[in-house]
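Below are two complexes that have chain A in common, paired first with chain B and then with chain C.
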Partner chain A sequence: MNLAVNSPWVLSGLLLALLPLFNNGMRPSPAPWLALIPDDALSVFIACGLRLCAMAVIAGLVLGMAGLHRTEQSRERIGHGAHIVLLLDRSSSMDNSFAGSAPNGADESKATAARRLLTDFVKQRQSDLIGVAEYSTAPLFVMPLTENKAAVQAAIAATATPALGFTHVGKGLGMALSLFEQPSVTGSRIVVLVSDGAAAIDHDSEQKLRLWFKQQQVRLYWIFLRTAGSPGIFDQPEDSRDDNAGAMPERYLHKFFLGLGSSYQAYEAESPDALKRAIADINQLENLPMHYVERIPKQDLSTLCYSVATLLLLILLGAKFCEIRR
Partner chain B sequence: MSNPLKDYRTTCLLLATLAMAVLFIHPGRQQKTPTYNYTFIIDITRSMNVSDYRQDNQAVSRLEFVKHSLRELLRQLPCQSRVGLGLFTERRSTLLFEPLEVCSAYTEIDTAISKIDWRMAWAADSHIAKGLLSTLEMLQKSDSSVVFMTDGQEAPPLNPNYRTDFSTVKGHAKGIIIGVGGLQAVPIPKFDSQGKQTGFYAHDDVPHRSSFGQSNLDPSQIKGYNARNAPFGSEAAIGNEHLSALQETYLENLGTESGLDYTRLTDFKNLGKALRNPKLATEKMLLTDNRWQPALSALLLLSLVYMPKLYPYRRVIRH
Partner chain C sequence: MTDTLHYRLPWQSGSVYPGAHPGQMVGAGQLFKRHEPLIASPDPRRLDLRASVLDPFSGYRVRVYQQHSIVNVYLIADLSASMGYADKQQILIRFLLTAAHSAFAYGDKFGFIGCTEHMEPRWVLPACRHSGRVSALAKQLASVTFSGSANGLQQGVSFLPAERSLVFLLSDCHFSLARLSAVLASLQGHDVIPLVLWHQAEYAALPNWGLIAFQDMENRATRTLFMRPALRQKITAAYRQRQDQLKHVFRTFGSEPLFITENDSLQTINRHLQQRVA
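Moving on to the complex of A and B:
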């Protein structure tokens, strides 16, 4: 039950609940000899009941004043969902539209489209734990894995501020994986990488990322927001001399992800609609059963205490009007 | 038969019931309570790594001390207050998340503050005036007060000819600049790419004057002046830019120009005091729980009914 009170010292008032044991609260009526009155089980029952009532009223009032409440509790449940880390690209090019120009009234920037659709995505994923990491030249830790959807929304909304610097995807992935550091739990672990470009990852980082992806059993979704005219993930080089990570970072990043050994899916989105489809797809795929902890917020019980006390008080008052004096 | 109303006990019970009726009809009063809405913008440039604060008898860096103070502060903010977080480096700041209600998102905000690291900086310069201006412009539309926490060390140094113009935001911005660091100039630690300290920045590691634009001095005074090739002269610059101290006068000036207050962070208490400034608070109407008042009167009335008799019921002996 985990009951608690706001001001424990008020509980000393519970001593007052003992008062009805010493005084029945009735008007005394004189009788010549008490032994003359016959034993009556019903009378004893009513008398005891009224005393208990009075004790309960006093206890109820004191508990209400002390601010009785049930503390925040967590309940383990099994539902459908996942542990999701959103890894968002904050490089400057995200502020351009899908056509590669500064956004005007008609089309929105890639960052705006991503923000709008991710907001909807988070809204739909009620039982998930979601964390947010961002990267540009350096990785940014934004929000730990949390069930607080308002917090995740606030982090996504904050990407409305102008973007920064360049794309350093390796460090960003490292940061995203570090969010899973807590001991292993059921349910799938997912990194959703939303970016509009790629960069070569150096050899050391590649090794580390391979290890971490394997250790943590993380599944990766890469939503590549492709700008018109720029090289895509699945493009084949026209000239074999261009077939290297420096010239075609997207293709090589994709190759690296494919070789990770963990489940990986790439989406190339060339418009907000394609982005929407990719997100809907992930939404459908990631519904494995998982244990999750549901938080039940603190419940105030003082109103209940006061109501019970009032009800019993009315009984006492009613009994008072039944008293007969001869 | 007699009237039960003549008994004081009945009167007490009636009054107690009345008190409970009051309790349910008027559970509390709408009262003005100050709540706060801050967006903390934290300087994560290199000079914030200088360890010139002491905490538990150990030297801690400026950034660590800022994080510690903010986490303490977070614990003491009243519910309904909101806290957002942003980082400053180079010449602008970025927002990590928009202001969140402190009681429902305490763990999230606390973790995010604890994870702030100087290595999150996406570029290495430290143009504080420009950063402050961009922050104020960015948050102009939000109703959050900006709390800009910095040591005021411009790196590279500013050219006084090109000052940042705050006239567009002055008067609209609400907030405070918190100066972080000691007044004594101390060396700035240097780290390698793995995050290990490899010593301190030396005199030759940093530029000691601005070499941008035109010099503010009279060309005839500059040795080796050449308008095209050496507008700042040929002499090597001397300076102490490799050492860092809190630039209080500079930050105070920035405060006056941008219409923000200035306070120095010395300990957690003075930070709390500065931030509780009524100028930064918004008064919200919150329902205060006054139910204990009628409940207490009901309790006293009931105790009166059941108060044990001080002397036992006297038998009337008739002869």
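Moving on to the complex of A and C:
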């Protein structure tokens, strides 16, 4: 309960809450001799209650005006789940359908399918921390690891904007790994790379990625959205001359990932159904106990103050209507 | 209230001046009192021959008669703030005028002693027969707002003459019984007729339900009451108990109080006055 106010000087108005102690707000009726009127516990109780009501009304209004709120707080929680970073490919080929053509009414684009299925995935993983990063020519930082599912879903939905340029997977992976820098190592850490193509990673980047994957103990899932007719991850080159990173980047990226030393799993999805199966697979695998800190955002309490004051004011108004003047 | 109060005395007035009430003086009267020697009351017209013949010392016996005398009538009024409640002030002024009118009609002298927090000379009217002064006093009383308590009652008693007078004590008795006893004790030498003035609205005409904030007229203390039939009954019972206590105190000092409300007419007071003589 860390309470704070927006404008502390308004709190000086709390002194006004002492006013009902001096004036009970009722028009007095003359009585010749009060000592003759017998003591009445109920009346004393009601009079004190009305006084307290009036004080609470003034205090509530002043606190409301001062902008009472509960500050942002963090809470330690233990749950089953994972730290997941969704690394989405934003290259323009993602806007094509699995058939490799521009999407029409019947079939959806790869990006749309990925968006839909990932949204469902996020919905199922209630106790996970999920972050989102994207990459095309350059990596895009979208959403840090958070337990706020609405924010994650919004971030995924935001990929509906038209895609950009090329595929620079090395920098994207770097960005995804950098999201893990803050939290301590609890639960499993996963990068889900969703892409429809690959690019060669230069030697320096390879070295760094190897190091980072080791340091962060991150497991990698690669969901490769294969367009019909394009080379797949597991394809063997027909011609040994084609067996290089330039001609078959998917194969070589796969090989690089296999050589990372950390756990790695690749899925080749050629249709939305295959993509769905891949995601369900990940969903099943990653359920380790984890320890994380949930952040509770700042809560505005002024509305509560105003409503309590209104309620008490109504009580006072009722009492005013019951008042008799003589 | 231009009628007169038919007050009569169950005792004999000691005043030397002839008036309308049985007195201790002998003189021109109708009621035989005693025989006296001629030397004591040299009035040969009143010689009682039979008594003279029967006198073993062969002296002349003269009949003497009881003289009707005047009596001083005083109104001691409580002018504390509680007497300003509702129309108590008007009742007090009406009673003042009636009592003065009656006293003058009987040929008696009338005096007024008003007691506030402290004695104030303007509220003291020595016994006199000037109806002009009484009406001036009444006018003055009508123009003020009563305030303070009735502490002056004890001092007010000292303004009474030494000889036995007829004293109307008009008050609402909203002060402690101990003070009332003290006042009555200092009034012992006089014939006191206590009139306790309570207003119906004080206790009987209270509402059944509702919130009401009462402010004491004398010490300004406030109390909020949640009125309900049970509390109303309690208040009425408290006033009834107070009435019994007051009666007890007054009877201890040999006077029977009359509780009057704003509705009671002069007949009520007259009936009470006649009862105390009978």
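Throughout what follows, the second predicted complex is superposed on the first by the 216 of 326 C-alpha atoms of A that agree within 3 Å, B and C clash if a C-alpha of one lies under 4 Å from a C-alpha of the other, contacts with A are read in each partner's own complex, and residues count from 1 in each chain.
Just so we're on the same page, contacts are C-beta pairs under 8 Å (C-beta built on N, C-alpha and C of every residue); 3 or more make two chains touch, one makes a residue touch a chain.
Fair warning: this is a prediction, and the values are worked out from it, not measured in the lab.
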item	value
Partner chain(s) touched by A:144 [first = chain B, second = chain C, both, neither]	first
First, second, both or neither for A:30, with chain B first and chain C second	both
Contacts of A:62 with chain B and chain C, given as first, second, both or neither	first
Which partner reaches more residues of chain A (counting touched residues only), chain B or chain C	B
Partner chain(s) touched by A:161 [first = chain B, second = chain C, both, neither]	first
Which of chain B and chain C A:47 touches, first, second, both or neither	second
Touching partner for A:38 - first (chain B), second (chain C), both, neither	second
Chain B versus chain C as contact partner of A:324, first or second or both or neither	both
Set of chain A residues, in rising order, touched by both chain B and chain C	26-28, 30, 323-326
Chain B contact footprint on chain A (complex, rising order)	13, 16, 19-20, 22-23, 25-28, 30, 54, 57-58, 61-62, 64-65, 90, 132, 134, 136-144, 146, 148, 150-151, 154-155, 157-158, 161-162, 164-165, 302, 306, 309-310, 313-314, 316-317, 320-321, 323-326
Chain A contact footprint on chain C (complex, rising order)	82, 85, 172, 174-175, 199, 201-203, 207, 209-219, 221-227, 231, 234-235, 237-239, 242
Residues on chain B engaged by chain A in the complex (per definition of touch)	1-2, 4, 7, 9-10, 13-14, 16-17, 20, 23-24, 84, 86-87, 92, 94-101, 104-105, 107-109, 111-112, 115-117, 119-123, 138, 291-292, 295-296, 298-299, 302-303, 305-309, 313, 316
Residues of chain A that touch chain C when the two form their complex	24, 26-38, 40, 42-43, 46-47, 50, 319, 322-326
